[in-house]
Structures are given as C-alpha cells and as structure tokens.
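Chain nomenclature is as follows: A, B, C, D, E and F, assigned in order of appearance, with residue numbering initiated at 1 for each chain independently.
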Amino acid sequence: MDTALSTLLSPIILFFMLGMGAALLRSQMSVPEAFSKGLSIYLMMAIGLKGGVEMSKNPLTTEVILVLAAGIVLSFAIPALAFVLLKFTTRLSRTDAAATAAHYGSISIVTFVAATEAVRLSGFEPGGHLVATAALMETPAIITALILAHQGQKARGDIAGSERGELVREVLLNASVVVLVGALIIGWIAGEDGTANVQPFFTGLFQGVLCLFLLDMGLNAGRGLRQGWRQMTVSTFVFGLYMPLISAVITAGVCAVLGLPVGDAALLITLAASASYIAVPAAMRLALPEAKPSVYLTLSLGVTFPFNVTVGIPIYIFLAQQAASLSG
Amino acid sequence: MELHRKRRIELIIERMAYKRACRVLEQAGMTGYTVLPSMAGFGGGNRWSRDTDISAASDMVVVISIGDDDKVDAALDQIANILGSHIGVVSVSNVDVMRPERF
Amino acid sequence: MELHRKRRIELIIERMAYKRACRVLEQAGMTGYTVLPSMAGFGGGNRWSRDTDISAASDMVVVISIGDDDKVDAALDQIANILGSHIGVVSVSNVDVMRPERF
Amino acid sequence: MELHRKRRIELIIERMAYKRACRVLEQAGMTGYTVLPSMAGFGGGNRWSRDTDISAASDMVVVISIGDDDKVDAALDQIANILGSHIGVVSVSNVDVMRPERF
Amino acid sequence: MDTALSTLLSPIILFFMLGMGAALLRSQMSVPEAFSKGLSIYLMMAIGLKGGVEMSKNPLTTEVILVLAAGIVLSFAIPALAFVLLKFTTRLSRTDAAATAAHYGSISIVTFVAATEAVRLSGFEPGGHLVATAALMETPAIITALILAHQGQKARGDIAGSERGELVREVLLNASVVVLVGALIIGWIAGEDGTANVQPFFTGLFQGVLCLFLLDMGLNAGRGLRQGWRQMTVSTFVFGLYMPLISAVITAGVCAVLGLPVGDAALLITLAASASYIAVPAAMRLALPEAKPSVYLTLSLGVTFPFNVTVGIPIYIFLAQQAASLSG
Amino acid sequence: MDTALSTLLSPIILFFMLGMGAALLRSQMSVPEAFSKGLSIYLMMAIGLKGGVEMSKNPLTTEVILVLAAGIVLSFAIPALAFVLLKFTTRLSRTDAAATAAHYGSISIVTFVAATEAVRLSGFEPGGHLVATAALMETPAIITALILAHQGQKARGDIAGSERGELVREVLLNASVVVLVGALIIGWIAGEDGTANVQPFFTGLFQGVLCLFLLDMGLNAGRGLRQGWRQMTVSTFVFGLYMPLISAVITAGVCAVLGLPVGDAALLITLAASASYIAVPAAMRLALPEAKPSVYLTLSLGVTFPFNVTVGIPIYIFLAQQAASLSG
C-alpha cells in the first residue's frame, strides 16, 4: 500500500483536497466556469489523442473488442443493480432512483484520468482502447434508466417545445463524446509521427493542467456536498460509498475472466465504479425532469467522486492486481 | 415619441430546458426573444451559484420576450406545460414599445 | 391562463454586497431570487466595464426577486439600509404570475 | 417605505452599437445605466448564440436605465434614431424607486 | 500533391473538420467564448513575437518593404474587384456588396497561421515580415469599401451617439492590430535572446493550442453555415469559393513579378485569398450598419474560411511554387 | 543600471507597457475576465509550488522565521504611516484615508512575481519562504486600517444582511490566500521529485503566461488611470509615487539589520512597496463600504502598480544591494 500513499500525496490529489477543504470551510474562491470548461476540453482532447495514438500502434485484437463489449454491457447492467438497491434501501421515488442509477452506470472522465495517472505511477501501462471504452460507457446507462423509470407507468404526453432528436443529440453529440471520440480517431489517423508537433501541449502539460482542474473539481465537490447533504438521508449517502465498491468487485470478476493485464483492468474497474456528473445530469434534465437533481448530483459529485479520487482508485488498482493474479 | 402597450414575458428557467421554451415562443408567434445568463440564485430553500456548479443542472437562464397580448397568452399556455415538469418561474408585465408592427 | 398580481424587485448592487442583499431577501420571506451578471455601466459620473476592472469593486450585479406585497415591503426596508452604505439602485414593478402559491 | 414612480428603459441592442446608445442616455441626462450580457436570442427569423458566434456582429446586450419621464422621453428620441440603423428593440415600463432625487 | 494530403491529415485540420462536422450534425457542444478569445490573444502574441524575432535577425531589405507595400495595395484593390463581381453576379444591395467586399480585401489571421504551418510542413520557411504584412492588410480594405458604399449616395446624417474617432479606434486599435503589431515590435526589440525565456510557452505550445482553437473555429464555421445558408443565393455562395481563387491568382502574379521565395509567396497569396470574420464585421456594424451581417458573415466564416483551410492552402502553396519558378 | 534597462526591455514589461499604452489610447481591446482570472490562479499555483519545493530543501532557519515576522510587522505598521501621511497631505476623509492605507500595507502578487523574475535576471536567487511572506503580508494591513477608520467614531450598527464571519472568510480564505498557501504546502509535501511531473506546466510556461497576464494588467492599469485620474488631486496622485519609496527605504533598513541576502531583501522590499488591488479592495467593500473605491483603486492600480513594475523594481533591487553591503 506504499503506492496508495504516494498516490494520495501526489500534487493532483492534494490540489483536489485543497479545493474540497476550501469549499467546506466556505471560502468564496472559484475558478471561472468558462476557464474550467476550456480546460476540460483540453483534457479530453489530450486523452483522446493519446488513446488514439496508442491504438494506432497495435492491431485491433479480440481482447480489445472484448474490453469494449464488457464496458458496454457493464454500463447497461449496473444501473439495473443500482436501481434495485436504491428502491430497497432508500425512500427515493421510482424516477429519482432510476435517474440516480443512470449516473452510476455511466462514467466520470476525471476519475478515469486520475486513475490513469495513478496506474502509471504504480508501474503499469494501460492500453489506449480504454479511452474508447470510456466513451462507449457514457451512454448505455441512460437507456436502462429510462426503461426503469417508465416501466409500468402510463405514458405521459411530451413536454411542450420538446423536439424529436434533442435527447439523442444531447446524449450522442455532447462535448465529451464529440471531443473524446473525435480526438481518438484523429490520434489514430495521425499516429505518433503526425501528432509529434502537438505533443508538448497535450502531453507535457497534461498533469499540470490536471492539478488546476482538480482544484476546481474539489471546490465543486465540496460545495455540492455542503449544499446538498441536508437533503440526503443516511441510506442514500452510504449508497454513494458502497455502490462504487460493488461495481468494482463485479468488474474485477469480469477482468479476471477476460484475463486483462493489471493496467487495463484497473481502468475498467475505475470506469465501472465511477459516476457521471456532467453528461448524465444533463440528459436527465431533458428526459426525466421530475427527478430531483439535488439527490443525484450530491451523490455522484459530492460523495462518490471524492471517494473514488482519494480512497477508491488505490482499491481499484489493488482489485486489478488480484484479478490479474487470479487469471494469470 | 408615440408608444404602444405590449406584454413582456420574463421566464426564469433551468438551462437545459430553455430551448424548449424558446421553441414554444416561436410557435406561439412571438417575433423575438433574448436569453440572458444568470450567475446565482435561490429557490425551494436551495442556493446555487454558476461558478461552482459543474453540471448545467441547477443553472438558470432568463428569457425575455415582448409581444402582443394574444401571442403572449398562447405562449403562456405552453410555458405552463413546460413548468409542470421543469424548474422555473414566469412573470408577465406591461411595457411600451415604439414600433408596434414589429411585435 | 389565470394570472395573479405580484411585485418584482430589481436590485442593481455592487458585487461584493449582493450576498448581503440576498440574505435580506431570504429573511424577508421571499421564496426565490435570481442574480444576473452585468458587464458595464454608468453612475455618479463614472463609467465602468467588467473586462477591464480587475477588482470586484465597481462590478455590479442585478438581483431579481418576485414576491408578495408584504414580503417585498419587508425586504425593501432592509435593502434601504444596505443601500445606505453600498452602491446600488433598487426599483419595484408590478408583474403577473401563474402559480401565486409559490411566491 | 415611500416609493416614487419612474420610467425604466430596457434596450436590447447589438453589442457594437451599445456604446452609442449609452452616450445617448448620458446626453439625455439619465443619471445611470447598467449593461447586461446576453447569451442567445431570436429575431427576424434567425437564432443566434454567443458561444458559437465568433464575431460581435449578432451579439446583443441589454441596457437598463431608470429615470425621470422627461429624460426618458429625450433619450427615446435619440434611441429611435439609433434603431433606425442598428439592430435592436426598446421598451419602457413603470417602476417605483426609493430615492427619487437620484434619478 | 503528397504534401497537400499530409496537410489535410494534420491534427490541426482534422480538429477543424471535427468541429465543423459536429456543428453540422447539430451537436450542442461549444468552447466558452471567454476561453477561445483568450486563446486567440495567445495565438496573436505568439505569431507576432515570432515574426518580430525573425525580423530582428535580418536588416530591412527592399524586398521586405516591397512585400509590405504589395500587401497594402492588394488590400485596397481587392475589394473594388470583389464589389464589381458582386454587383454583376448577385442581387446584393450596394451596401451589402460593399460590406462583403471589405471582408475579402482584409485577412483572416487563423487562415494565415494554418498556412504558415502547412508551408513549414512543405519544407519552406516564410519570413517574419509576413506577420507585419498581415497586420497591415487588415485595414485598407475597409476604406475602399466605405468609398464604394457612399459613392453616388446623398450624405446621411450621423447616427445618434456616434463619436468622432470611434471607427478609427475600432479599426486601428482593435485587439488583433494591437497584439499583433505590439508583439512584433516586442519580438524585434527583445530579439532571440531576450525572448528565450518565453519560448516554451509561445513556440512549444503553439500547434497544440491551434488544434483546440481550430476545433472551435470548426464549430463556429459549421454553425454559421447551417444558420445562414438559407438566406444565401447560389450566386453569393459560389462567390465565397471563386473570389479567394481570383485573389490568389492575381497575388501569385504579383509574387512572380517581385520574385518572392516560395514561403513568402504562399503566405502573401493566402492573405490575399483569406477573408476577415472578426475585425471587418465589427467595423461594418459601426460604419455600415444597414448592411446585413447574415450575408457577409456566412460567406466569410461559413464558406470561404473552411474552403481556405482545407482546399485553399494547398492550392496557394502550389501557386507560390509556380510563381517562384516563373521568376526564378 | 544595465540590468535595470534589461529588466525594462524584457518581454514581460514590454507587454505591460503595450497594454497600458493601448488603454491610454482608448483601444477597446480586452482580455476576457474569466480567462485572466484563470491565468491568475495558474500564476499563484506556480509560485506557491515553487516556493514550497524550495522550502522543502532547507530546514526552517531562524532567518526564515525572522523574515516572516518582519513581513507581518511591516504589513501592520505601514498602513499607520500611510494614514498619517494621507491625513496630513491630502483632503481625504478619515475612512478614505484608512481604506487607502490598507492597500499600501498589503501586497500585490503580480508585482512580487515581476520582481522575482527581475531579481533572477540580475543574478540573485530569492528563497522560497518569500512566497510564504507574501501570503502572510496580505491581511494584517486590513486590521490596522479598520482600527484607524473606527477610532474615535461612534459605533455604527451592522449593515443589514451582513453575517458574522463573512469578512474573516473573505480575508483569510480568498483565492490568493487559498491557492498560494495551499500550493506552498503541496510543494513542501511533494518536494522536488513529487512535483517533477507538473513542472513543464508550472515552470516551463511561467514567463510566457506572465507576458499574457501583464498585457491584461497593463490594460487594466491604463483604464484605471484614464477613468480615475480626474477624481484625484495632485497630493493623492503623488502619494501613489512616494509611498512605495518610503516603504522601500524603511524595509531596506530592516533587511540590513536582519542581514538578508540580496535576493530575499529585494523581494521583501518589493512586497512592502507594493499595493494591493484585488484582495484589499474586496475587503474594504465589505468592511468600509463608505470609502470611495475610485480613490484607492486608481492609486494602487493606476499609479503605484505601473510605477513599481517599471521604475520601482530596479530601484528596490538596488536598495537591496545597498542593504546587503551595509550588513555584509
């Protein structure tokens, strides 16, 4: 657990804690929204390019395709499990439970990026196709959640002004899908040589920008927690802590079966365990506006995200090592 | 300067839903609207603030639209429907404009 | 669409003081408010502009709050106190709303 | 709280022309105004949106100015001239203010 | 034409296409305006500094002065030609035609930057004074256009609230002139040694930032095209495609006469062929508010800019090579 | 005075002058607020990290603690002197004089950063604990000013809506204290090795970003001066020029007594001579809203800041050399 400590003491995580601490102490500081949104586009371009360049070096193996498929299946399946747990252990309405479940089936790119750095620090090298897996896991969870929410309910008329295709567009063409998939394909086409000129920007700066971004994420998570926690019961709060662990253990099993190397397994486990706080909330506002954002946002951003970034990732790397030794 | 009485809709609505409201205004025949960003607010016992709110979920925008009585009434019916599901507040007031044929 | 008469406070106030004003609105029982950023302005013979003003000292924001007559009166008393020290302008107007029980 | 009736100009105007409008307001003797950014809109059959509009050409801002009847009338004459060439919409409404000597 | 393909497949252009594609598919993603405006200031500082440093290495030759003069003359002359073509081939009003013509006489800095990268990729090294030429070409076109618009019309009273000097200030002290010319002079004064410390930021990152910026430009161009195309006739649309080519051929002739090296010629041709979509629209709103922005913006940003960045630049490099071989 | 000239001709200062010149010529250009606020967070993270890493290399000596203490004492004391001078030489009200005095006791981080670069350029290496000193000097001046303002006045009731703790939070948890102190501690914990990965971002880019930031500061200072100067009398204006020199001379004396090395002395003198234009104005709006911002902001941002960045810093380095030679 020495690497666990060194992960916790890396500047990235320390800046996250700084932000979270400042927010909990009610500091008024903030990173301007336009600036941090710009940085997030940078981060997604960087990991997309990197993933694409790495994928361009190797042929598409069956293992790659299996990982992609596993990601999609997990994103479809996890919300169903989360929904059942929420309905049994909390008093959330059907709609709130379904909307929350969608967040846990989908993923958090920042958690993924933080895990990538931690995995590298631990001496493993994850494959580029995990970035593609991340992109593919964003959406399926939303479909499961909508089925769960509408199941056994009489059909409701459309909301005035809603447009055919607006949800599909939001879900399949949101910033993170466009940039991640686009940069991945560009990295794949341009390859190592073609992207050499842009490497100082996208690779050299990556970890520094991440520090700045995680400072802001800490502020966000801390404020989310401080503002939302009164509206949460203990049972919803703890869901935000055990649900990622359940997803992680299930996915570790999948990794053992597929015989994935540690780096890839750690990232797939992290993706499964992470919860969305940008793409899915936006989709839920369009598709299930009756669900209360204060519930699902506080849980995914204020509880699960800080848990994953600090305590979760070392655990997921540990699980990945177990899975690899089982299958190896 | 001759002025003419019109109605002004001011709709405070969550960001993710504002395009729905705008379509409703267009369908009701309103000739124009303008959307303003907001930076913070309070409602239902909760405070929110844009710079510390990473998702668009609790972000509100303000839609202003000036038009004829009839069109405003038609728009309000539809807006009531939207506000049945989405977070928001609508208010209407009297204003005087200069070129009535444009509304 | 049945409409109900309410009062709308529009408070233009320096950024550093807007949270004081918001607390006052909450204490007076107003059920909500929305804060809009502004980008430039003029008052007391001085022009200001946000992009060229590094400190928050001359930056103004606009607080909009719709509510009942009584609550608005209670809020205005306190706002008068704030505007005794802080830079700002307040105005009140009549608006019609749809769901009166929410204000 | 004693309130006094004033007029409130709300001018929605293209960004490149807002300084002309502000000069007109100053010349007409208005004691202040505040300019708000907008982020999207619709008019003349066209939608626009600030984040995807690289030039300032279709960007609108909102100028709010509260003042006396006379000054508002003087300002409106000039604003009518500006809106003869520039893109924009102006409306006027009644508001109540607290310190009438400031307007 | 191998370099043409490699230009088209460079990450910079691919990100542009990604943005344009996303916008045409009606993705809602956007780069915050404050962020991309910040990046554009960075880009102008970077090319200004680079140009100034290069100019500091060589004395001011007659050739340099001739290039600067040629740029100014072209910027004055092209709008007259464009105006005549527009009046003959389209139904645009006199004002609309004049305003549109101004855009084609002026320049697009992003096109210039993309061309600089492509020229380097093709193995040529353009001189630093081309940056100065770019700055000098921004403004003259506006003067020609104003003369054309007012010619033979009764003088109109000034718009209320307009101020003596506001147009001049807008045209001569806008962000791109201030930053470009300022950074050029600073680079010239400080020289290679004096700017060494700031090179990691301004040189190392340049191409990466350009990718991010061109992603945003693609989104802008795509949305401009999608929103504006219904208001355009076929004859105005094709003007946006052939006008740059006409300007390019004329300028290639000028380059042959002056005997410019390929790198310099390619950039001067690109400047002539490019159309403004920031500085000139702003000036036109002040000086000719009756002209319809939907016409000139859709043309310059939605048609000519994408044409130049993808197809045009390889053509202009090819023309520059022909011109150089003619005169060489 | 050769290094003085080379400081003045460094790109950082030249970009500052460019911005200031553009603003005085009434250019409308601006750097978006969200972008420059983002850059300022970057700058504070960078100097905090750097200071922390350097402090991690050496044990906490008595000299370090004496410098920190001297900074705090100076921040407490300078406002009292400034207040007396203002009351004697100008017609400012008690409140205006106290509020203005607070600015001169506190510090300007940008001036500090510019001085750090100039000190390095002159061949001296300042210690990391000067960053900590900067953070500690932000606040004490505010306390002195509040005592001066309220002294001999009948207590005024609280402003409606004000909250216990809001001033303390604003003063102790504002962005610059949180980021500076936080990054300092993170740099201290992570050390040279732990921060190696983030160095390309925080060290490599530092001076380039500073150019961009100082361009914006020049625009701000120029506009501040142009808008505010009519409301200033000659006696307040000259206060903005001689006050930093007085603080500098006093502090040079302190440095001589403490026997500080030139690098540290130059920075401590600069801190004492610099005036706040972000943190203190914000605090004054909360604590002394009756004081006129047009007075204190024009002075600190429009007069003292440009004076320090251009003429002041070379003088302070010179004073530091004298102090060191006195004590050495």
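The rule we apply is simple: a contact is a pair of C-beta atoms (placed from the backbone, for glycine too) under 8 Å apart; a residue touches a chain by one contact, two chains touch by 3 or more.
The structure displayed is predicted, hence computed values, not measured ones.
Both subunit C and subunit D are touched by B.
In whole angstrom, the spacing between the mean C-alpha positions of subunit A and subunit F is 41. With centres set at the average Cα position, the gap from subunit B to subunit F is 45 Å. Averaging C-alpha coordinates per chain places the centre of subunit C 34 Å away from that of subunit F. Shared interface positions of subunit F, i.e. residues touching 2 or more other chains, are given as 30-36, 38, 200, 204-205. The set of subunit B residues that touch two or more partner chains comprises 22, 36-37, 47, 93-94. Arrangement of the chains shown, judged by which pairs touch: an irregular graph that fits none of the line, ring, star or complete shapes.
Counting only pairs that meet the touch rule, the chains in contact are A-B, A-E, A-F, B-C, B-D, C-D, C-F, D-E, E-F. Per the touch definition, subunit D reaches subunit C in the complex via residues 1, 3, 6, 8, 18, 22, 25-26, 31-37, 61, 64, 66, 93-99, 102. Within the complex formed with subunit B, the residues of subunit A that make contact are 23, 30-33, 36, 159-163, 166, 217, 219-220, 223, 227, 277-278, 281-282, 284-286, 289-290, 293-294, 297, 301. Of all residues in subunit E, those touching subunit A in their complex are 9-11, 14-15, 18, 22, 25-36, 38-39, 200, 204-205, 207-209, 211-212, 215.
Those residues of subunit E that touch subunit F in the shared complex are 32-35, 37-38, 41-42, 45, 49, 169-170, 173-175, 178-179, 182-183, 186, 189-190, 194-195, 197-202, 204-205. Contact residues on subunit C toward subunit F in their complex (touch as defined above): 14, 16-17, 19-24, 27, 46-58, 78-79, 81-82, 84-87.
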